[in-house]
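Pasting a structure below so you can have a look.
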Amino acid sequence: MPNRSRAAALIAILLMLAAPVGAADSPNLTLLNVSYDPTREFYAAFNPLFAAYWKSKTGQTVTVNQSHGGSGAQARAVIEGLDADVVTLALAYDIDAIAKKSGAIATDWESRLPHDSSPYTSTIVLVVRKGNPKHIRDWNDVVAPGIGVVTANPKTGGGARWNFLAAYAYALKRNHNDDAKAREFVTALYKNVGVLDSGARGSTTTFVERGIGDVLVAWENEAHFITQAQPGAYEIVVPSVSILAEPSVAWVDANVQRHGTAAAAKAYLEFLYTPAAQRLACKFGYRPTLTAVLGSCGTSFPRTDLVTIASFGGWNSAQARFFADGGVFDQISGK
Amino acid sequence: MTATGTRRPGFGRGAAAIGLAGLLLIVFILAPVAQIVYEAGRSGIGPLLATFADRESQAAIWLTIVAAAIAVAFNAAFGLIAAWTLTKYRFPGKAALQALIDLPLTVSPVVAGLALLLTFGTRSPLGAWFAHHGVPIAFARPGIVIATIFVTFPYVARELIALMSDQGRELEEAAIALGASTWQAFRRVTFPSIRSAFVSGVLLCNARAMGEFGAVAVISGRIRGLTDTVSLQISNLYDDAQIVAAFTLAGTLAAIAIALTFARRLAAHR
Amino acid sequence: MRRRDPIGGRPLLLGTTLVLVAAVVILPLASLVLALHGTTPATFAGAVLTPRALAALRLTVGSALGASIVDVFAGLYVAWVLARYRFPGRAALDALIDIPFALPPSVTGIALAVLYGAHGAFGAWLEAHGWHVANTQLGIVVALTFVAFPFVVRTVQEPLAQLPAAFSEAAASLGAGEWTTFWRVTLPLLGPALLTAFTLALARTLGEYGSVIFIAGNIPGRTEIAPLLIVTRLEEYDYAGAAAIAVVLLAVSFAMLLAINGFQRRMTLARTTL
């Protein structure tokens, strides 16, 4: 039957076209790094560095693909099947969530790499427009009535959760650890927030490209990105109290086994701790854990009072109390 | 055709009416296009060309071409089959079938993306089955193709049905009475008369397929260099403050889509 | 009495059509509706009747209505000028109408965001005159008006061209002025086409996402459209919440489609091919 052979030919053509789409079976190695929002520029610079290292060591050509988004949303995407070889997320809890809910990452992941698998750290600062027209010097200026605040959604972002906790820590310090007062403080803060983007870079776009708000609560590295992209247009305000943010990394055991990329994935993350990578991180505004590179990377990091996640009883406790469904954030934002 | 009594305008009201319409179109529709060209070219030709040397942008362009090609081929085949079925056969429930074919036109792209994610995500049995057999659909390239097929599903079919329902089925019946097979009747009688409508539908389908944003954004997983189409890469670049690169890709995509749309008008007017 | 259909192949082709429609259209949309399985009316209301979701739905419907109404007037005007007059550049103007339809949503979005932004060529001028477009509902309406414009022009163009010249000439010979002819003769004859155009524009703008999110500001309760809220819920992995809002939008789209088909069946002059 001619129409049947025609249909068969058509299906054959479709399958041939679909084949390269379905399977990426190149002889070379490909890694997928699922990361949080503002690391785009850093990993774009880091990946060629690692590729050169891996080539010299093994002769293999490695290509690293990136996916960026709010850290919580990215973690859930991995749980839902996003095929990551490594995750480089904004906080340990998001990797724990993958380990617990999907079993794809070994539960002892944090002890597999130095510094609790946190190759660089950061903190939370405030970014204001040129000349600081609203005179924002510290967190208490941010909650003043009529100040437009831009920060991301703590339900989806990672930096957004550090932002929340940094403000909360400030309020606790100011009010002799009075939780009720701290809660009032963050309530006032989020009352001033117009736009809750899903990740840190979305907030940056809202603040910079769309021109919304008077102050952006941001990662220190993101603040560097903004002031470098548009010199003179924005100023960084370092608050008196902030939080030591520890982005975490892990390889995804189940996926690297399936892809046969275990060695490369592990080497990729270990390479983050080398002086060359640390200097690069430092250049992009991340605080290096290898402090020896501090003098040679061209970025200076102001000293400020940094609390740690331990003061909130660790991430499991902080997540359950503040950011889980029905937690403090849901209560104060009236969802 | 001079149906409404078209006239050459004199001076006065006619010229004013034309001027106002022209101004409206230029200010409202042409200005955004001019903006794209301006933003892409403002730093000179070097940065503009550098956009195309970027690996992620190249991968986005390739994915867009392949996904559109598969979606257009699929929907063109479907369009021919559906249009023939709906216009040459008698069966109950025709209106309902027609409405179902049209449905993707009115479904929000985001709703379409969500629906596909619920169908092919790892939570659904179907999605889990595909993932288990090594062909994950959600957060992978097959998902992009399926989303593109969904949003452009009706275009070829609609174009053909509009024309073929006017043609009736007498010619095919005559051909068959003279000894032709159904396939020959389609091939020799029907297809020549619908060729330009078919081309027009394919061009339209292609233009929409290459530009789709909302549905693919939901299902893509946003892997740069792997599951980001040109449309998604444009929003990545915009977020990364790479304005020249964003507008260069935007201009390229716009130029192709506009060329396809104009070609389609020419095909339809012939 | 059954007579064999001379045109063969019905079981094969009808079957193929049904299978494809089922796989491409029915399966995903059914999954969406089935995702509400286990959702009680209370949790459904909890997702859809929150102030934020209601505001998003109101904003979406309101902006879509506003843009569609503007488009019906502007589109009818442009189509009328193009049908009534012959002038140099007419073909070029006619071609321009296709542009919003051709432009990909994200391209439209960034172009409009820059053009109407506070520092853009139009935005700066409008701001100076007290009109805030970017990050306001006006911006959403501008984007939607742009996107739906070709739907209106192309829908009314054909019936406008086919209006028998004799009608307006007769009216003119009876002493009716140009406007009287337009209002009393042309417009009523175009009624069904205009209604279809309006519904098409509305159906298109209700679901629009890509071109809007760049210019809207996306402020919950004020400039956050319903499709964006669906994406936000999805990124929070609140599938039930996303599906609930999506089903509401889907129901509205479905109603629009039924309306379009209803109008088109009654239309004698127009057939819409976009």
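Read from first to last, the chains carry the letters A, B and C; within each, the first residue is number 1.
Operating definition for what follows: a residue touches a chain if its C-beta (ideal position, glycine included) is under 8 Å from a C-beta of that chain, and two chains touch if they have at least 3 such contacts.
Fair warning: this is a prediction, and the values are worked out from it, not measured in the lab.
The touch graph of these protein chains is complete, with an edge between every pair of chains.
The pair of chains sharing the greatest count of C-beta contacts is B-C. Put simply, the C-alpha centre of subunit A and that of subunit C have 38 angstrom between them. Chain centres here are Cα means. That of subunit B falls 16 Å from that of subunit C.
Shown for subunit C are the residues in touch with two or more other chains, namely 9, 231. The set of subunit A residues that touch two or more partner chains comprises 3, 69, 80, 209. The residues of subunit B that reach two or more other chains are 123, 182-183, 238, listed in rising order.
Across the interface of their complex, subunit B is touched by residues 5-10, 13-14, 16-18, 20-21, 24-29, 31-32, 34-35, 74, 77-78, 81-87, 89, 93, 95-112, 114-115, 120-122, 145-146, 149, 160-165, 168-169, 178, 186, 203-204, 206-210, 214, 227-228, 230-231, 234, 239, 242-243, 246, 249-250, 253-254, 256-258, 260-261, 271, 273-274 of subunit C.
Remark: subunit A residues 1-3, 7, 10, 13-14, 17-18, 20-24, 32, 40-41, 63, 65-69, 77, 80-83, 201-202, 204-205, 208-209, 229-230 touch subunit B in the complex. Per the touch definition, subunit C reaches subunit A in the complex via residues 9, 50-52, 113, 117-119, 134-135, 217-220, 222, 231-232, 235-237. Of all the residues in subunit B, the ones that touch subunit C in their complex are 1-9, 13-14, 17-18, 20-22, 24-26, 28-33, 35-36, 39, 78, 81-82, 84-86, 88-91, 95, 97-112, 114-119, 123-124, 149-150, 153, 158-159, 162, 169, 172-173, 176-177, 181-183, 185, 204, 207, 210-214, 217-218, 230-232, 234-235, 238, 246-247, 250, 253-254, 257-258, 260-262, 265.
By the touch criterion stated above, subunit B contacts subunit A in their complex at residues 55, 63, 66-67, 69-70, 73-74, 77, 121-123, 127, 131, 134-136, 138-142, 145, 182-183, 221-226, 238-241.
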